[in-house]
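Okay, so subunit A shows up in both of these, paired with subunit B first and subunit C after.
Up next, the complex of A and B:
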């Protein structure tokens, strides 16, 4: 029941927000997302790790095609639902900083998007998964189109075409999987039970990998991402990078690894290799960026590259690292984007060369900025560390050379993050910024929860890792059971 | 069969209403009668199949497609009311012609004899030749009419020749008898090929689509709405019924031809549409490409393919009616419905922009709209039939189609408002109908099971 509630609550809220009118819309929307987070927390505290799938609902939907409204949460879903519900209030609050036209529509779209995102994370039916997957695309498209900067039209168009291309390939793969299930059903168990030849698996893997790889994005499918992140409104970028790219990673865990294990054995190396190339490539480009938001877009590609490499490592450590890093990345990237929003709000520019010496005027801001930055370069005791550590263990076991190259991310990450911090916050104070103000109350109320989560999760990672471990083992069990024994 | 008779009577009555002084009441009379006939038709869904006079077959297939056709006519009447308030057109004549065309459509989905097929095609088309040219002073309307008439009669001629050759090979006009007598004679196959060509013309499949943009573009827009939905449903219903009745399995040469036609239609229709700047012509080409998707299931002749065709057509018809209605509204204020003229519609008239977006999303096949489920079901059936390559081509086509559908959406939502272009609408009749149709689009998309159940019974 709780799972259904988590999907429906934002939808109802979206309607209420739209009816509430421009003035009340933000309040209603934020209240609704906080309530949603409370429901998710309640689910987390009543979650029974030993039971596997919790809060499951299975309702017939289109019986003649074997489609059902089949949802539930295992540990992985629970973790991602927590991430989504935690980030949404923060994202909506942060959008209060810059005045938006037509607030009611904006908040409604964001809430519809939340509903779809949660749907993606809890769907146990492949068709349902696809519906939510596509539903999440429409609100974010309109958010980018209506509230983006002056380049938005070609940029959002490219974004839409890219992701839709992936989705359509996924649709073909989904239908194909459906036709080979003996029961003619889209249910998770039946999809896991398909008996595909190696060749069929390769094709299904290719289609799904393209779909999920575009969403994440993995090199060389990433070209839509920097421009979209740069031209989207800040809340849109937060939704995209904080939550939406996790859809792609989650999709691989849930619908690729257990479904096409043989293809993974044959082609996983290629995916891992591409991911690692992406890390180095994006890091090097990030170092050369002059616009801080674009820089963060490339940093995001680098981080995702590491996560993606872990996905294909086929080990508990690797997958646990993927999940931990997904959560950490979600929180940290939203934090750093909020930092960007504050910078833009105070100085009117994101060109790194035009900024400098802000620390004197904004000491509190400087502290928060440092903490979030350290978390995103994975300093021990922050949330970024545990995920990155596990990922490296997983990748190292898979292939030490790959791990060595991926390890460059530690050095390169420090280079681009620290040097940009230095250029923005330290150095000679620029006279133009003599009068900028430090953090306001509302900004603190956003940054404090983020910093709390960074440390809590950094110091007590087991809060989540214990939750997800059985689910990860279950997935790996399915994977290794269905690989034919080589003889 | 009763529906056919009743609508014929209604048509004649409408024609006479002019001089028996019932002109004012004819509109509500037509609406009420159509609702009644639709209800009656739906109720006869479970009746046992029967053949009337060796000419008409009354079975679930004909009832389902017939009901769909009557629904489209009903929706057309509801939406087109305002177009006649200006007095430019003679209301009674138009209504009567549309009703006669409806009779033709009904004949087409229930024929069991080649002569009924021919009659149906003629009764469907002749009123439309007239209606396409009903804007007599507009040269493009006249061009549309003449083009449609000449090419239409050409196609009918080919159809007649095909029927004649089949008669020559089998000695009968009756579909059931043809199925038994079907032999390996080349004469028979030439006949079938000619028939298929004439149908390819009617459903506007490439390379028989050249008339579509000019005719759809030149005819008055509310007539285009009827042509692009009703005629398409009727022609698809008839073509499928024909193949289904005379073959248990489509002969391989025809099957490959149909697959090739379908792939060509999808690609060329979508590519041509993406070059259009006039939304009316854009929708015309998009209609061509939609025909390509539907052709994909023809080679299979299974229960699933029949049912997916029906579901797809239902979703397509509703969404297309909405889209063309919005084009019509734009044209009322500006001469042409170019993409630029849609600029800022979201500001000047959010409601119209919203329904247009929904319709275009449905045509593009994105959830949760009806078009998505239609496409999904269609693709499922085609993959089941083993044509995964065709589905990949269709996916490529869908991707191209997103480009031009979203070109319009982007224009509506992001161009600065042009103050002179504001389309103001009174909250009225058409708005209610549009709301109902939009809800229908979403409902079919989210809860397609009812339609699916019907589809599986036909």
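Up next, the complex of A and C:
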């Protein structure tokens, strides 16, 4: 029941927000997302780790095609639902900073998107998964198109076509899977039980990898991302990088690893290699970016590259690292984007060369900036370290040389983060920013929860790792059981 | 006793939290006292532990587990402490010297507007450094390791308005991270091989799995990777160039972090892992070469520097080289012994330099000093004690620790002894050059500076005196047999499984001869420098154009920074531009756009077929029928 509630509540709220009118819309929307987070927390505290799938609902929907409204949460779903519901109030609160036109539509769209995102994370039916996946694309498309900067039209168009292309491939793979399943149903167990030849697996893997890889994005499928992140409104970028890209990673865990294990054995190295190339490639590009938001977009590609490499490590440590890093990245990237929002709000620019010396006017802001930056470059005791360390353990066991190359991220990360921080914040005060004010109460109320989560999860990661470990074992069990024994 | 161990790092952490969270409500003058009080608390607990350690109560203590930190698959990491003779020794140095430097800072930093921030960072540093040496597994060490790196970054760039200082801070952090990648990969390989990162389990398994008579490639790679980490943190070739730049930070920070404690973390790490290193003779050779090379190179650069802190910085790099030299020769305890004596005399030198800079109103150039001995008598006397100690004059601490290393070197190979003595002579030369130029002769500063010369207040001079006393006496903990001692310190460390060097094969007369020779050479260098800089009043060149070629080479640090800039920094920037302007825009994105455009184009072209004109459709239909019929015929 809770799972259904988690999907329905934002939809109802979206309607209410739309009806509430421009003035009340933000309040209603934020209240709804806080309520949603409370529901998710309740689910977390009543979650029975030993039981596998919790809060499952299975209703027939289109029986003639074997499609059902089949949802539930295992540990992995629960973790991502927690991430989504934690971030939404923060994202909506942070959008209060910028003067939005037509607030009611904006908040309604964000809420519809939340519903779809949760749907993606809890769907136990492949067709349902696909529907939620597509549903999530529509609101973000409008958010980028209607509230983005002056380049928004061509950029959003490219983003839309690119993702739609991926979706189409996914649909093809899904339909193919359906035609070869034993019971002609999209149910998760049924899909998992399908025996595919190595060749079939390769094609399905290729299609799904492209679809999910575009979403993350993995090198070289990433060129839609920097421009979209840059021209979308901050809340849109937060939704895209904080939560939406996790759909792709989650998709691989849920619908690729257990379904095409043989293809993974044959082609996983290629995916891992591309991911690692992406880490170094994007990190190097980030070093010389002149716009801070674009810089962070490339950083996101680098971070996601590491997560993606971990996906193919076929180890508990690696996959646990994937989950830990998804959560950490979600929180930290929203944190750094909020930092960007504040910079933009105070100075009107994100050109690094025009900024400088802001620490003089904004000492408190500087502290939060440093903490989030350190979490982003994975300093131990922050959440970033847990994920990164586990990922490295997994990747190293898969291939030490790959791990060594991926490890360059800890050096390059320090280079681009510290250089840009220095240029933006340090040095003599600039007279143009003499009247800039330090953090307001509402800004602190956004940054403080982020910092708390950074340290709580950095010091007590077992709060989540113990939740997801059985689910991860289950996935790996399926993967390794379906690989034919080598002769 | 063990139940209070967590308080040792917790107190400075608490200090950090109080100072940083309530910094608005804490009077500036109080922050130093709060920070110092926290550290004093830790120090007292550590002293207690030190007594237990000395009386042999800490042998084979199980780790103290605070909580389970990370669990995933087979990986179980806990935040736990290994309290044994080695860690307690380092904790004593950290909290003891740390406390003195905190007290010194109260006076040194009292009129800085960021004093509360300063002390919060200092407390955070002590917390991280304690974590580094107290951890019972590599990941906790890594946590402290990166933590001290952060604090070092924050404190080097403490005066953040100056972008040169910020550059130095950034450089320190990034160079350390290069080392950290080595450390990380070392840890990953350890976990990959042994399935654990707890020291005890790793060492147990390593000694079980590996046949001691065989050279194990895996252990060699592990130890080399960990050593890369040590190179970064302990400023060895090729990762040493950050340390001299780190002098941008306040002088007490240089004393604490960049001389006495943090930079010795590499020695601690290797001493801690000595079981592994003893299995990897190749690695030890590499360490010896790097250590000796660094000791000599840094000393050569030190010869011509004119900034009092830069001289001390290169001296630190060079002394760290000495420590690695010891370790490369298998002398783990000799390395840690030199860490100890160096912590005292180098902290003393830096604080003394701070006192001088304080008196000179911020001036750091020794060319503009001179004759300060009369105006700063306490600083002068303590400074001369430290200088004699670093030169290795008996019975000061440096004599014993340097002699222990030289004896090891001679036993390995007389040439190695010769190299060690050469580095020691260079050290003597630049140190006495600095001493004479600063305290002897005539004052060369401005009239204004001359009028303001004064001895520092008691809060600064008392730490100097205590450190001077330690510099005088601490050498006696490791008096060698040949001088009638019992190598007490080596035995103390042996209780923490630090391998003892093999018993000396040298006869007493050989050892006397070696000591005598080294001493005679050092003393003659002292006289030569006296002759040069006091009698002949030689002055360092005031501009580069007056220098000889070799002087210029040394003065410009052999152009290593320029080399790195040319070989690494510039190409990286170029690669960044190339990737984003060429590969990204003209290659990857073009393929995407072209495929998008080609679809648009085909759509535009093909739509003409659907013109709505019935005649056209009829023609296409006829063509179609013909083709089908034709195909039917052919097939």
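Worth a mention:
Here, the second predicted complex is superposed on the first by the 487 of 487 C-alpha atoms of A that agree within 3 Å, B and C clash if a C-alpha of one lies under 4 Å from a C-alpha of the other, contacts with A are read in each partner's own complex, and residues count from 1 in each chain.
The rule we apply is simple: contacts are C-beta pairs under 8 Å (C-beta built on N, C-alpha and C of every residue); 3 or more make two chains touch, one makes a residue touch a chain.
Source: prediction; values computed, not measured.
Once the two complexes are laid over each other on the shared chain, residue contacts for A:442 go to neither subunit B nor subunit C.
In the superposed model, A:8 lies in contact with neither subunit B nor subunit C.
In the superposition on chain A, contact of A:146 is made with subunit B only, not with subunit C. After overlaying the two complexes on the shared chain, residue contacts for A:41 are found with neither subunit B nor subunit C.
Of the two partner chains placed around the shared chain by superposition, neither subunit B nor subunit C is touched by A:199. By the document's definition of touching, both partners, subunit B and subunit C, reach A:161. Greater residue coverage of subunit A by touch, when subunit B is weighed against subunit C, goes to C. By the touch criterion defined above, A:432 lies against neither subunit B nor subunit C after alignment on the C-alpha atoms of chain A.
By the touch criterion defined above, A:411 reaches subunit C but does not reach subunit B.
Shared-chain residue A:63: touches subunit B; no touch with subunit C. In the superposition on chain A, the residues of subunit A contacted by subunit B and by subunit C overlap at 161.
Contact residues of subunit C toward subunit A in the complex are 20, 67-75, 139, 142-143, 146-147, 150, 153, 157, 160-163, 166-167, 170, 173-174, 177-178, 180-181, 184-185, 188-189, 191-192, 572-573, 575-577, 579-580, 583-584, 588-589, 592, 596. Taken together, the subunit A residues at the contact with subunit B in this complex read 61-65, 127, 130-131, 134-135, 137-138, 142, 145-146, 152-153, 156-157, 160-161, 164-165, 168-169, 171-172, 175-176, 178-179.
Contact residues on subunit B toward subunit A in their complex (touch as defined above): 361, 366-368, 372, 376-377, 379-380, 383-384, 388, 391-392, 395, 398-399, 402-403, 406, 410, 413-414, 447-449, 452-453, 456.
By the touch criterion given at the top, residues 158, 161-162, 220, 223-224, 281, 284-289, 315-317, 320-321, 324, 357, 359-360, 367, 374, 379-381, 385-386, 389-390, 392-393, 396-397, 400, 403-404, 407-408, 410-411, 414-415, 418-419, 422, 425-429, 459-462, 465-466, 469 of subunit A touch subunit C in their complex.
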